[in-house]
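Below, each structure is written out as structure tokens.
Each of the two complexes below includes chain A, the first together with chain B, the second together with chain C.
What follows is the complex of A and B.
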């Protein structure tokens, strides 16, 4: 910039005015965003095109062949007998996670919103799993959920013979959901708490004068007023649930059978354990479409469901 | 709702909170205490809330069985680089999108936001192939470059942009009248004011990098390159079964430092993460 200015100066005012404030700002703007823009191009846009390109090919790593097969991989999606259970497991996992996460987060937020001495200590403790290393958290839960582990030990004290949590279909799914919810529910709890504190107190006072019971106050005042936060947290949680990988890999390896093999885990197996990079890419495209459709749908719902937007 | 509660309700509320707290606090307690139990006591019945006898050799075995110091260092330096790099990249981009008028700014912002919509799992196959061609598989480069410049930093950029938009513009305009250049305004005026947002970005970026699991197991293959989350699962016996007390000792060493920093700076953490709405 300085060089251009110096060479331009001798020719008089008219040409040095090339570097107007607006032009300098444009240059500065581009320089400021350059690292991010180059990064997005290199690590998001190009890979996104590549993953689509790969999905149209049969890729044999051992023979080192890469042949165009058109939509054959997409045909394979339809014929893959494992895929219905994978999608089923993904749907159950995501739905269970979102419902359990949001209701627990809301419950905790309402409880923590009470006037009570030492309430911030509770807030800190409920939040603490968020900062515990994910795999460490998963390992200790895996330990607790063993057939002879801590949870069954406690149950046995009460005379209950607990199941082998991670080895039976229904309890394995419940376990991976619950472990994930306790890890991260603190984040949604804090978001709800902030939203609850934003609800004007006068509304409750008015309702109390009118004699509305507490539950009705919650349904008619609290819920509508915090609906933007509910929408935001549900989008974040659903998209996050589709990315859950480490917990499944450490706790159940997708088992027993395929009961906890969610889409991301299946994608990982196909691409990096069986080296079906073409089919793995097709599954990636599917994951992308699912995330995009869900995000779009929830964003549309905003108009219908969200009562009030700040 | 914020009315003073009757003593009876208070007791009820404390009781309820304490019960609800069990699954949040007990696992960490169980991790720390079980890590010093001898292997014979680890599945003892009834469960020992406090170890009845101690076996500290679990901690020395953590370091004997794997290059744990090296792995700790790997995780720490990668997380530090990613955190600093993301703060630089996202504050610059966020500032530009919030303050500077330049052609196609909105279109470019939309393209960048695409990074929020695309989970990194979608692009893991082509990224692996790209880094394979570049000879960077089994190095730490993918774990450093992709988070700083790729999709994970987009969220940070978004947070920084929102912060700068909410910041009053008068100070910067006065500096402009005084003839300060854009970069100096950013560096000397805007950035110091953005400390709270930068702190949030630092916290969630650090946690994200510290917890990364899929990327390390895809990109790294030799034990001295491993990061902590990956290393924790490697303490297994000859049959592939986990050596529980050693795994828990390694897990404790991984989790406790962050937990202690959190307890010291809990206000920063909670508010920092709440303001941004980190994805879970």
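What follows is the complex of A and C.
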């Protein structure tokens, strides 16, 4: 390798002994990743450390005081009577979102994995909400879901007196989940579609020859072979579900009661509305730990649920 | 060779560009050594308002050529959150508008620069004529920490066309017959509601901003907490009665839009709305309807009025707090207060007369000004507020969700709310 490097160097060019080709290549590599590295350091790593630091303080923004309180904010986590409801709402939202989103995405992907004329139009239609502005999407749904809104207007045509979607505890949570699923299901659908198209056709042919029915083909061939994509989409969807904010802020503001107050919205309230930046930071740390643990657990489970890994 | 040259050039370009990219450019304001740039956050983006503020800033510059004042409009709904985020980020404005509900937080925290000395030292300011009641919420230990530049009474706008079409009595007729009570007002709203139009709307309430319901429950003598702010009084009879009345109006009489229903009075779709008089500007010009403005109806506890306020304060943390206080003194002197009162009713006694108010509120009649504006400002209570109001507001909002159901147990829901906000009130 050293001989190759010597021969590759242009003749007559002076070069310091320090700047070997390997070092130059390393420097070039670092410079190429520098923008991303700087971005992550400035906007992820440093804020993360600062949030932990803030969580050990009582920060009164208006009085401009910043007092070290040790683990008092963590103690407050244990004593916060609203937190169990908030964590419950977060769990219900995440579970509902993941199950509904992945099931619908897979169903749509299977239905759209056909070689039919005009199928791309349907694929585009189902994907289009992904590129729509989240807030605009949510505001429109907010109008549709009002008591005297569009959805109840349609139901009334069929003689059904629709519920007050965003004001009843159960329907409010369902509404928020459905709005979020319809917004992002297209993304998972595309990922599943790509995975489905990567499954070799010969396997289905062999199964058909062996007389396997379609559902069995799906269960024994399709699911195992797209399992890496299922893992990927489930991680992305769970992490995304724990970060939901705009939909709650626009549609329900966490109500009725605390039924749709998920952790991120609660954190926002504590820090930016109630000015408890220290406690808000503590909630952020808790959210970070939850996301990290869930992601790690899912990653560990891949050996059981993922059929193969490249 | 070319590869490394390109790489070096790229790195050099980044080295130059990054510091430029993060430098504080963009304001366009000269940074001469003696120049003072003041920034005021406001929640209005109304062109006419901004023009008036700009004229006031220009007037101040005549005597203070080195001072430039800029206004930053923040969204109304998230104004206080945006303001405190700026403060937390070390980018506090020099001056800020403050909602009456957040007044206690700002005044008690020490975030504001005391204005009393500056106002008194300003020639011709005549600070004494500012109504003591209006200044109460903005004062601590005898010092004024924010000037209440807007003191706007709540009143009832009426769509007489809708009411007459429904066959009900108009509020003006009821006032003339001394029958303008909450029972009769709701009866009228209910009659209109049965025609398919909206009855009575408490504007901006939307089953979220519950403090606006003070425009109704004050008629029962109800209050969410005691005068000293330490004890929850939502379980007391006046509040239970008032909320039961509102509940019946919503769910039994269909006189008020229910949760999740949106009806716009100013689009001509409802009989009456309670809001501040400054909303007269929303009355339609293209398809006008016969409208009226009347005082709030009489409740079981008698006649009453409610006012909303906005204050302007100087941030203590600003580098130029003294100059900012001088600007606030200029902005709110008698001459500029008269100009401001066309949009923001003043609490200065000299401006609280029909002659001045008629000039600045051309849409209102002499009678409306007398009965609604002058009487409202003179006798009105300010909308509820408290230290830590944002949290209390959220807890009460969440608790009141149990009231806004057809089968609500109102006393039990209020009991629960008091249990939750009790410790917050004592802090």
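Simple rule for what comes next: the second predicted complex is superposed on the first by the 293 of 310 C-alpha atoms of A that agree within 3 Å, B and C clash if a C-alpha of one lies under 4 Å from a C-alpha of the other, contacts with A are read in each partner's own complex, and residues count from 1 in each chain.
In this text, contacts are C-beta pairs under 8 Å (C-beta built on N, C-alpha and C of every residue); 3 or more make two chains touch, one makes a residue touch a chain.
Everything quoted here is computed from the prediction, not taken from an experiment.
In the superposition on chain A, A:223 makes contact with neither chain B nor chain C. Touch criterion not met for A:91: it reaches neither chain B nor chain C. When the two structures are aligned on the shared chain, A:287 is found in touch with chain B, with no touch to chain C.
When both complexes are overlaid on chain A, the residue A:258 reaches chain C alone and has no touch with chain B.
Contacts of A:63 after superposition on the shared chain: chain C is touched, whereas chain B is not. By the touch criterion stated above, A:148 is placed in contact with chain B and with chain C alike.
Once the two structures are superposed, chain B and chain C can be ranked by residues of chain A touched, with B on top. In the superposition on chain A, A:113 contacts chain B only, with no contact to chain C.
In the superposed model, A:124 makes contact with chain B only, not with chain C. In the superposition on chain A, contact of A:29 is made with chain B only, not with chain C. Once both structures are placed on chain A, chain A residues 24, 28, 35, 146, 148-149, 272, 277 are touched by chain B and, in the other complex, by chain C. Note for the complex: chain B touches chain A at residues 1-5, 10, 13-14, 16-17, 20-21, 23-25, 27-28, 30-31, 34, 43, 45-47, 88-90, 92-93, 95-97, 100-103, 105, 108, 111-112, 114-115, 117-130, 145-146, 148-151, 153-154, 157, 181-183, 186, 207, 210-211, 213-214, 217-218, 228-230, 232-233, 242, 244, 247-248, 251-252, 254-255, 258-259, 261-263, 266, 269-270, 273-274, 277-280.
Across the interface of their complex, chain C is touched by residues 10, 13, 24, 28, 31, 34-35, 59-64, 145-149, 164-167, 253-258, 261, 269, 272-275, 277 of chain A. Those residues of chain A whose C-beta lies close enough to touch chain B in the complex are 22, 24-30, 32-33, 35-40, 42-48, 50-51, 54, 101, 108, 111, 113-116, 122-137, 139-144, 146, 148-150, 153-154, 156-157, 178, 182-184, 186-188, 190-191, 193-194, 196, 199, 201, 204, 217, 222, 232-233, 236-237, 239-240, 242-243, 245-246, 249-250, 264, 267-268, 271-272, 277, 280-281, 284-285, 287-288, 291-292, 295. Put simply, chain C touches chain A in their complex at residues 1, 4, 7, 10-11, 14, 80-81, 84-85, 87-88, 105-106, 109-111, 207-208, 258-262, 316-317, 388, 390-391, 394, 397-399, 401-402, 404.
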